[in-house]
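Step one of this worksheet: look at the structure below.
Going in written order, the chains are labelled A, B and C, and every chain counts its residues from 1.
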Amino acid sequence: MEQYEPERLSAPQLAAMRRSLKDGRGALTRRSLLRASGTGALALGGLGVLSACGIPPAARAGDASASDDHSAAEKQVNFSNWTEYMDVSEDEKSRPTLDAFTKRTGIAVKYTEDINDNVEFFGKIKPQLAAGQDTGRDLIIVTDWLAARIIRLGWAQKLDHAYLPHAFANLSAQFRRPDWDPGRAYSYPWTGIPTVIAYNEKATGGRKVDSVTQLLDDPKLKGKVSFLSEMRDSVGMTLLDMGKDPGSFTDADFDAAIGRMQKGVDTKQIRRFTGNDYTADLSKGDIAACVAWAGDIIQLQADNPAIKFSIPSAGYITSSDNMLVPAGARHKTNAEKLMDYYYELPVAAQLAAYINYVCPVDGVAGELAKIDESMASNTLILPDKAMAAKSRAFRSLEPDEETAYEEKFAKLIGA
Amino acid sequence: MSVTEAPPAHPAEEAEVRKPSTRRRLVPYWLLLPGILWLLVFFALPMVYQASTSVQTGSLEKGFEVTWHFRTYWDALADYYPQFIRSLLYAGTATLLCLLLGYPLAYLIAFKAGRWRNLVLVLVIAPFFTSFLIRTLAWKTILADGGAVVDVLNTLHVLDVTSWLGWTENNRVLATPMAVVCGLTYNFLPFMILPLYTSLERIDGRLHEAAGDLYATPATTFRKVTLPLSMPGVVSGTLLTFIPASGDYVNAELLGSTDTKMVGSVIQTQFLRVLDYPTAAALSFILMAVVLLVVTVYIRRSGTEDLV
Amino acid sequence: MTQQQTEGGDVRLTGISKTYGSFTAVHPLDLTVPQGSFFALLGASGCGKTTTLRMIAGLEEATTGTVSLGGRDITDLPPYKRPVNTVFQSYALFPHLDVSENVAFGLRRRGIKSVKKQVGEMLDLVQLGDFARRKPHQLSGGQQQRVAVARALINHPQVLLLDEPLGALDLKLRRQMQLELKRIQTEVGITFIHVTHDQEEAMTMADTVAVMNGGRVEQLGAPADLYENPRTTFVANFLGTSNLIEGEIVSTGTDVVVSAGGGKLRLPGGRCPSPAESGGKLLVGVRPEKISLAHTDDAGAIPEGRNRVTGRITDSSFIGVSTQYVVESPAGTALQVYEQNIERDGRLVPGADVVLHWNPEHTFGLDAAQSIDAGVAEGLEDAA
């Protein structure tokens, strides 16, 4: 009985929970609503404000307004990032890589952890972008599908590769040609986020779980399987399992994948669709196997050796978080310098060692090994060739498509 | 300007009399002003925008314009009525449970706790010192599949009954309607207890003595005196519980499954993920209307308009 | 009065007491209230009178002793099973019920369905017939008080308990309600036990008054008897005002002679606490209104055989029907004298030398072992 004491949540688990509360990407991460959720009707009123704000058509300002760049005059850059997405010194008082950047270039970085959730952040900056105003941010980090949307809407500035020599040279092949930004004209990845299958060996009775088919059909896993509430991750993994390419599928393929998961819902094989909150369930064994984000698994494994992951032979989805310079930014060149800085190998290694996601920088292994040998050999941080070969990206979606797919997926997960 | 002034007999006197009285008459309006402004900016205006949004069509790319597309309401209702019904059902059940759990506790605090009263009150509020989310997540541990609670319920064959009723599944509680209702009940219980306590505490203890003196057994005293006098607390407690509970979706998201999603989830998905703002707005309006209707009927039926 | 004919309905308290922890609110107490009487428990706040009443009602559990009603032991009965009803201090009317439902409450609890006629009659009795549909908060204090009485009386209790029922009313209304309560009691003939701190109220209304002090009954009797023959300094001072003069017994017999303040005072032997022995101490008491005041110049005209004390007026206050004088004398520093304003003597002003004289028959003696001031403060406080 004692294993259900709350204390049993270990520090890394709690950290994972905290992270899921603070910077999760899933269904559970709508913090703006959570704050208001105690007062239901009022929260809905709040929604009203937001929806009212979002009515004007998204201005397609042609190619992103090359705003007046004040980089030379104002030696500063305003950087908005997710929480716990930057290396921090041991005393948690300074950020070594950022400090080193300022020391070297004289450019002061105003670093703000104000991104908790893609959709929420988009809601926050949209009115200014739509009105052609400065968001007050020179550099932002958003997940690929949102980056795609911002670029599509003409709200990102075209990068000047003269300032991005390291980035241009060191970017991993895997990330070079996303269909939404071929040749990386507007964006550079901050991290890659592999979506894999994770399982709790204790809960599966020592059995390995290594395919979506097994998740959906293995009777021994009934009611103990979870998928992610991110449409691209869950549908993408299912498409792969069905032999389809998430990079070039049709509506029919999408519907088939939804149908396949719907069966799992109907037979109660699938217990839930989750945000980051699956981590605690997986660790406890309430969820035996699931579709999971690699970064979470690295953290969970540190505490619970029963947590394993597998790369399905059919392949896996990798999404990415990307740096963008939003339209209207005052310090574009400074932002580009900062972007490039993080593609210098020692800096990239230092960052990767801290944040445990896939490092999009080639040739960082040597530097990373200097910091931590085990990390350098962890394929969830530095994918080896075989693994990288199995990585697939979810293709970018047309606006109407995105709405239709999200709607269908919402119906699948209950709302 | 001075044309309408009083005849010039004693103009100074007139003016002196009139000015302060006018000013005084305006005082209540000045006092009302901040509240009115607040409501206007943060309630009325959003409501108008929201109403407008709900009858627009378009997309994020092309923009939205008002086309008086009232069909959105019908479509939203047709698509999501199960979530509406579920929201009302779960919120109603949780409210009832809160009342059943909260009333005896509020009664105890008000009449029996003596010097422990403040301590117990603090304990009632204590969960609020942690975040809503953390509190709800804690229930995942409490109701864990192999956990003590589930073990006991299984041993007592309670889960067989609840599974048969469709409240639980496969001898587990998490990811079932029961877990969601438990979470709602837990999270909103203090909203029930505090108004109940306040109205119970206001009841003069001598009324109990008077009832006893007039041949009422303790049970009858409760039924005929305590309960009717605590009705304002019951009504405000149920409203404070039911209204937010029916709009809540966190419990459903964390403790529930695909078939326990409440209308709050639908609204936020429509708004944030699908980017179908008109449907989201329409759903919010429908929810508001439904809650308003339920509350109005409830207040009428409980006959406490003048007590609330 | 201990042997009245209708012993069947008497309230009898036997050795009843109440302690809260180490505090004794009521010392073991024996008391019999005859059926049909109007009985008052009088005392200052905290004297145990209300606790005694509540033990009769069953609202307080007796620590020791028994309560019996008409020979039946009701000590262990809960309040709702006792055939007694209470009029509470602040009425405790049910705020959510209208007047007629308040009044009908007891009837309904006993399963009586058709209450309309009885309620109507009862409201008429308390002259509230037109207020049946009002809520308690729409009534004045006096009206609420009458509802409380009606609500209790309608049950035809064997005993009606009144806990300071007039305390919340202003003076004029209180006088009026006193008469009304007395009228109702006479009309219905039910035993009333009335708790009050107002000695005037107790004396006006009750047939029998029990004066309580410190959790004990000091003295019990008819109002006039208590007033004229207080047996303790507390009763003497609490009930009205007394002039108490400390003296030494010179001789005993039919009359007892006491030397006090340089003079001799005489009082009937029967009014002394027995045994009165020569050489013993005695408190000599006389009520202010029994005393006559004469200017020293007229001292010769005072008839023989009256008790005399000489002194000087230090204060006088005119209050309409009478004038109250405070006189300083060797027998006491502040003797009170009430003179009726029949023929006012212009010489009787502060500073005048006077002779106080009264009929020895009106003098009472008290045991000198007790505090001379007992009950003074309480009496004053409650009169205020």
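Going forward, a residue touches a chain if its C-beta (ideal position, glycine included) is under 8 Å from a C-beta of that chain, and two chains touch if they have at least 3 such contacts.
Going by UniProt, the chains are B = ABC transporter permease; C = Spermidine/putrescine import ATP-binding protein PotA.
On a predicted model such as this, the values are computed, not experimentally measured, just so you know.
Colleague: Name the graph shape formed by the protein chains and their touching pairs; answer line, ring, star, complete or other.
Modeller: Contact pattern: an open line, chains touching in sequence.
Colleague: Looking across all chain pairs, point out the one with the most C-beta pairs in contact.
Modeller: So the pair of chains linked by the most contacts is A-B.
Colleague: Using CA atoms only, can you tell me which chain is the most central one in this structure?
Modeller: Here the chain at the core of the arrangement is B.
Colleague: If you average the Cα atoms per chain, which one ends up farthest from chain B (ABC transporter permease)?
Modeller: Computed centres place C farthest from chain B (ABC transporter permease).
Colleague: Between chain B (ABC transporter permease) and chain C, what is the separation of their C-alpha centroids in Å?
Modeller: Those two chain centres are 57 Å apart.
Colleague: Where the centres are mean C-alpha positions, what is the separation of chain A from chain C, in Å?
Modeller: Chain A and chain C have C-alpha centres separated by 88 Å.
Colleague: Distance between chain A and chain B (ABC transporter permease) based on Cα centroids, please, to the nearest Å.
Modeller: A distance of 35 Å separates the two centres.
Colleague: Enumerate the contact residues on chain B (ABC transporter permease) facing chain C in the complex.
Modeller: Contacts found on chain B (ABC transporter permease): 204, 206-207, 209-217, 220, 224-225, 228-229.
Colleague: Under the touch definition given earlier, write down the residues of chain A that touch chain B (ABC transporter permease) in their complex.
Modeller: Chain A residues touching chain B (ABC transporter permease): 1, 4, 6, 9, 17, 21, 27-28, 30, 33-34, 37-41, 43-58, 119-120, 123, 153, 222-224, 231, 265, 268, 270-273, 275, 277, 280-281, 284-286, 399-400, 402-403, 406-407, 410, 412-415.
Colleague: Taking the touch rule as given, give the residues of chain B (ABC transporter permease) at its contact with chain A in the complex, in rising order.
Modeller: 42-43, 45-50, 52-53, 56, 58-64, 80, 83, 131-134, 137-138, 140-142, 144-148, 151, 169-170, 172, 174-175, 243-250, 253-254, 256-277, 280-281, 284, 287-288, 291
Colleague: Would you tell me which residues of chain C are touching chain B (ABC transporter permease) in their complex?
Modeller: 57-59, 78-81, 84-86, 88-90, 92-96, 105-106, 109-110, 151-152, 155
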